[in-house]
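Structure, as C-alpha cells:
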Amino acid sequence: MGKKAVGSGQGAGCGVRGAGRKATGLRALHPAPRTLPAREYSGTELLICLVARIMENRKMAFIGTGVPMLAAALAKKHHAPGLMAVFEFGGTDPALDCLPLNVGAQQTFQRAISAVSLAEVMEAAQRGFLEYGFVGAAQIDPFGNLNTTVIGEHSRPAVRLPGSGGGCDIGALCWRTVALVPDHNPRKFVERLDFMTTAGYLDGPGARERAGLPPGSGPYRVVSNLAVMDYDGATRRMRLHSLNPGVTVEQVRQNTGFELVVPENAGRNEPPTRDELRILRREVDPRRLYI
Amino acid sequence: MGSGEGALFVRPDADGFREFVRANKPHSPVDKRMSEREAVRRFVRPGDYVATDLYGMVRAPMSLAREVVRQGPGDLSIAGQGGMDIDLLVASGLVRRIDNVYIGHEVFGLSGAFRRLAAAGKVEVTEWTNAALAWRFKAAAMGIPYIPSRTMLGTDTFRRSAAVLGRCPFSGKMLCLLPALAPDVGIIHVHRCDRFGNAQIDGTYGLGFELSRASRRLILSTERVVPGSAIRKVPERTVIPHYLVDAVVVARYGSHPGEMCYEYAMDRPRVDEYLEATRTEEGTRAYLEKYVRGPRSHEEYLELVGGRRHLRRLERACRGR
Amino acid sequence: MGSGEGALFVRPDADGFREFVRANKPHSPVDKRMSEREAVRRFVRPGDYVATDLYGMVRAPMSLAREVVRQGPGDLSIAGQGGMDIDLLVASGLVRRIDNVYIGHEVFGLSGAFRRLAAAGKVEVTEWTNAALAWRFKAAAMGIPYIPSRTMLGTDTFRRSAAVLGRCPFSGKMLCLLPALAPDVGIIHVHRCDRFGNAQIDGTYGLGFELSRASRRLILSTERVVPGSAIRKVPERTVIPHYLVDAVVVARYGSHPGEMCYEYAMDRPRVDEYLEATRTEEGTRAYLEKYVRGPRSHEEYLELVGGRRHLRRLERACRGR
Amino acid sequence: MGKKAVGSGQGAGCGVRGAGRKATGLRALHPAPRTLPAREYSGTELLICLVARIMENRKMAFIGTGVPMLAAALAKKHHAPGLMAVFEFGGTDPALDCLPLNVGAQQTFQRAISAVSLAEVMEAAQRGFLEYGFVGAAQIDPFGNLNTTVIGEHSRPAVRLPGSGGGCDIGALCWRTVALVPDHNPRKFVERLDFMTTAGYLDGPGARERAGLPPGSGPYRVVSNLAVMDYDGATRRMRLHSLNPGVTVEQVRQNTGFELVVPENAGRNEPPTRDELRILRREVDPRRLYI
C-alpha cells in the first residue's frame, strides 16, 4: 500500500485523501464530474447552496458531517462570516480548512475556539444558543417529524437504521430545525412514520408545547433535491416554499406521499451562483472529499 | 405521568455505587500498567454492561475492543454509541442488550452487523439519544439517580426508552427524567497518562469525562505513558484522575484503523475493508478470524496490518495541531 | 414532601433563559474590550442578582467589585460565596438579599460586614451549601430548571433554603432538589482571554465553568489579552467560550489585594488592612472612601496601593508552577 | 513596605510569609514558642497529631485550610503515604510543599494530579470517593450535628457566622466526618444547637437514612483540646473515646454541655512523638505559618 492510499496530508490533519477514492454516501447520490463548467452544478452542490442560504450571519449552527458542514463552510465564506459551526462531539468553530468525515474527527476541533464534550454542546443547545440544527431522515411526515430508527416494527425491523444520534436532541433543543432529504420521493415523504425518532410539530399546533418541548423551537425548512419546504403557521403542516431550478409543482406533489400545502406564490430557488460554486469548489472542498 | 416502555438494563443505584467505590476503587496511586489480555481478563466479565468513548472512527479503543472479542465474554449489554469499537462488539455476537443511540458509520453508511442482529430479533434494544446518554452518564458521574432534561419529549424515541416524565416542582415544566447509567466497565483510549492512570486527552473528550466517572470499572488504553511530573505540571489538563482508573494498557496505535487526533490519520483502506466485510455474516466471520482472533495481541495485529513503516505513514498523514 | 422556607430570589426559568440568550447573547465573535466603568455601567443594574468566582482571596474579580461599589447600583441580590469581592459588596451596603453559602475569611476570621448587616436584620438570607450553589449554577448551565442532590437533607440549612424534597422515580430515594440559579450578572477574573472573550484559567476553576454558563450577562476581567490564535492552538484549555461573554475588561492585577495563582501573591498587609477596617462601620466607611471611591479607576487604585514596583514584588513572591 | 512584607518566596508559590507576622486563627488559640524543646508541644501540634492519626493510608480526605491540611501533610509523610488530600475548590493531591491559607489558593493545586472545580470534587464525594471530611463548628450537639450559621435567631442573629460552606456537604457525602473543636467548653458542646448547619446523626439511630442521607456515612470522631470522642453504636450519642495527655474524665464532663457517654475503658491519647513533631516542624510547616 503506497503513501497516497493513506493521505497526502496537504494541510494539517487532512490525511483523509483516500476518502476521495471511493464514493461516500453523498457522492453516491449525486456523482459530480471532476471538472464541471462554471454554469453547471451537481445535485449535491445545489443542496449545499440551498442549505447555506438558510444560515444567517451571527448565529450558531449544530453541524453534522456531510452537506450541513459544507454548507456552513460556504455560508461563512460567502455571506455569514460570523456563523459559528458547532459539532456534536464538542468542537466549536474550528478552522475547517480541511473537512472532517466524522462529527468527532480532528478537523471538528482543529484550531477551534473550544474543544469540550458532547454534554457541553448539548447543554448550550438546551440553553438556547443553537439557532440551527440539521438532520437527515429515512422518513419525514407532514408535521416534520422524522424517522432514523427503523423501517418496519421496532422489535424486528425490516431495516434497522442507526437511531437518533443527536437528531432527536436537535429537534428538541435547537430553535430552527432544518431537514435534509437529498432524494425526494413518496417513500421518504410519508403520511405516517414507522417510528418517530425526532419531534417535528408532533400532531399539530401546540403539540410541542404540550409535550414540554421548548416554546418557539421546531421545524423550519426541509431542503430536498426538488424543493425547499416550510410549514404553515396555522396548521403546522408542510408547505411548498420554493422550487428548485427546472422542477414543477406537479413533480414535487407526485414525489410527496402526503398532501403538501401549496401556496399560490411558491417561489423559485436560484441555481448556485458563480460565487457560491467558486468558493465551494476552490475553498470549501478543493480536494473533492464530498462534492 | 408516563414513562418509556423500553427495558432499563441498569437500574440507578447511587448507594450501591458508593459502596462499590469504597470497597474497590484504587483511591491512591498504584502502578496499573498491564497488557490488553490481563485488563480484559480481570475487568470484563460475561453479562457485563460495557461502554466506550469516543465516536465514529475517532479515538476508539480498538485494541481493547479486539481483545474483548478475542476473550469473548458473552451476554454483554452495551451503550450503543461509539463507532467501530461498538460495531465490532455487535458484529462479534457477544451483545444481547443495547441502549441504542447511534450504531452506524455516518457518511460511510449503515451498520451491517446491527441491521442483521436487529432484523433477527437477537438483541433487545432500548432507544436513547446522544444527549440523553451523555446526561445519563453525567447523572451517574454526579452520584445522583437521575437528571432532568428537555429532550426526547413527545417522540417514539421516548416511548421506546426507559425515561420517565416528570413535572418540575419549581417551574411546573414537563421534563424527561433520565436514569443514571453506571456501566460495569468503561473503556477509553487516551493520548497519554502516567502509570497510575492520570490521563490527558487532546481535542474533544466526547463522553469521556462523564463515562470515566460513571463507570464502576475503568480500563484506559493510552498511546503513551508519561512521568507523573508531566501530569502534575499542568493539572488543568487531567481529564481522568487516577482514582477512577483500574487498568492502564499501553497501546500505541490503539485506535487503528481509526484516527487518533494529532497522532495518526484514519487508515482508510483498512476501514473500507471492515465496512465491506461486515456487510455479510460470512465476511464478518472472515474479518474477525483474520484481524481479531488471528493475532494474539495488539502488537501482532499491528504487524498484520502493515507494521511500523505503514503506521509511520499514518502518523505523517496527520500533521499535528 | 416538604420544602425549605427560605425565599427563592431567582425562580428557575429555562424558557425565559432561552429567549434571553437568543435575543441578547453575542453568538459570534465581536471585540468586547471595554473599561471597568463601561462594563459595570452597561451590565450591572440596580436590583440585579450578582455572582462571582473564585473564593477567599484567590482570583477574585476585585477591580470589578470595586467598580460596582463605585457606581453603586443598589438593591442587589448576591450568591454569598466568594471572598473579598463578595465581602466588599456586603460592606458597601448595596446588598439586600443573599443566597448564603459562606461569607467569612477562613483562617482570618469572621466577616464584620456580614455580621453587622445580619444582626441589624437589614438583609434577607437564604441558606445553601458550596455543593448546592455549584449544582444550582450547573442546573442553569445545563438549561434545566433543577438538579437532584443528596446534600442538605435533614438540616436547618435545608429548612432555611428554598430547596424541595423529592423522591426519585427510578430508585425511590429521597433527594434534595435544587432550583437552577441563573444570575443576572456573573463576574469572573481570568488569566487570559482573546478580545472576544475566549478565556483560559490556570489552576482550579472553582465555580467559574458553571457560573459562566449560568449567567445571563457575563463580565470577564483578565490579566491579559492574547491573540485568538493562542486560544485556538489549545482549544482544550478554553474554559469560557466567547459566546458566553458580554464584556472583556483588561485588568492587570485585577485580584489585588488577593492572589492570582501563578501570577502574583496575596498582598498580606493590604488584606490585613481590609480585615481590620471592616471590623467597624467607621473603619469600613473610611476604607471604602480611601480604596474604592477615592481612586477613579483600577489604574489609580494600583498607584494608590504602591504602584508598579510594589506589584512587581508581589509577582516575584509568586513563583510560577 | 519592604520585600519581606509580601513574602520571600522560599518555595515556588510560597509568597505568604507575611502571614507569620500576625497570629491567624490557629495561632491565636495556641501560641507556640518558636523553639519548643523536642518533648514539649503546643495545643495546636497535639490537635494536628490526633487528627493525623485518624487518617488511614490509601484513602481520600476532604481537606480545608488549617489543622486538617497540616494533619494530612503529616499523615502522608508519617504513616499514610497514599493518603490523597482533596481541596474543596478542585485541587487534588497537590505537592503541598508550602501551605495554602485559602482552600482555593495556588498551593491547593500546585503540582496536583488534577485541578478542576468545586462541582467535580463534591461529585466525587457524592459518589463515595471521599472517606474523610473535616469540619469545624461553633456548636456541636450529642448527635454530632454542627452549627456554623448563626448564634441566636436566624432572622436577627446575635452572631452571624459564615454559613455552611462545604460543611453541610461534607457531613452528608463523606463516609466519615471528623469534627474539630480546639476549644472544648460547654458553649460549644451544647444539648441543642441554635441552628443545625450540618447533619450528624440528626436525632438518633436511623434518622440519617430516613432523611435520605447516604447509608453508612456519618460522624466518626470529634477531636478537641481535651479528648477524642466517638459515637455509641446503638444510641448514636457522643461518647468519650480517649483523653488527651493530662486531661481527666471529669474535666471533659465539666466542659461538655450535655451528658457525654463515658465508657469504662476510655483510652488515653499519646502525646506527639518525636517523629511526628520533627516532621511537623521541619517538613510540614517549617516557616511556621500555622504552628
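Think of it as A, B, C and D in the order they're written, each chain with its own count starting at 1.
Definition applied: contacts are C-beta pairs under 8 Å (C-beta built on N, C-alpha and C of every residue); 3 or more make two chains touch, one makes a residue touch a chain.
As the structure is a computational prediction, the values presented were derived from the model and not from experiment.
Q: Which pair wins on C-beta contacts, B-D or C-D?
A: Most contacts of the two pairs: C-D.
Q: How many angstrom lie between the centres of subunit A and subunit D, each centre taken as the mean Cα position?
A: The computed centroid separation for subunit A versus subunit D comes out at 57 Å.
Q: Starting from the mean Cα coordinates of subunit B and subunit D, work out the distance between those two points in Å.
A: Measuring from centre to centre gives 40 Å for this pair.
Q: With centres defined as the mean C-alpha position, give me the subunit C-subunit D separation in Å.
A: The answer is 27 Å.
Q: Where the CA atoms of subunit B average out and where those of subunit C average out, how many Å apart are those spots?
A: Distance between chain centres, rounded to whole Å: 37 Å.
Q: What positions in subunit D touch 2 or more of the other chains?
A: 91, 109, 111, 115-116, 125-126, 173, 214
Q: Residues of subunit B that touch two or more other chains: which are they?
A: Within subunit B, the residues that touch at least two other chains are 14-15, 135, 142-144, 149-150, 173, 175, 203, 233, 235-236, 321.
Q: Applying that definition of touch, give me each pair of chains that meets it.
A: A-B, A-C, B-C, B-D, C-D
Q: What does subunit C use to touch subunit A in their complex?
A: 14-15, 17-22, 25-29, 141-144, 196, 198, 213, 228-229, 231-233, 235-236, 238, 241-243
Q: Which of the residues in subunit B come into contact with subunit A in the complex?
A: 54-59, 80, 83, 100-104, 106-111, 114-115, 117-121, 125, 127-132, 134-135, 138, 149-157, 160, 165, 173-176, 203-210, 259, 261-262, 265-269, 272, 306, 310, 313-314, 316-321
Q: Touching subunit B in the complex: which residues of subunit C?
A: The touching residues are 3, 8, 11-15, 135, 142-150, 164, 166, 168-171, 173, 175, 177, 179-180, 201-203, 233-237, 321.
Q: Would you pull the subunit A residues touching subunit C in the complex into a rising list?
A: Touch list, subunit A to subunit C: 57-60, 82-84, 91-92, 95, 109, 111-116, 123-129, 131, 173, 175, 214-216.
Q: Within the complex, which stretch of subunit D touches subunit C?
A: 1, 3, 5-9, 11-16, 18-19, 21-22, 24-26, 64-66, 87-91, 101-106, 108-111, 115-119, 122, 125-126, 145, 149-150, 154-169, 171-173, 193, 195-199, 202, 207-208, 211-214, 290
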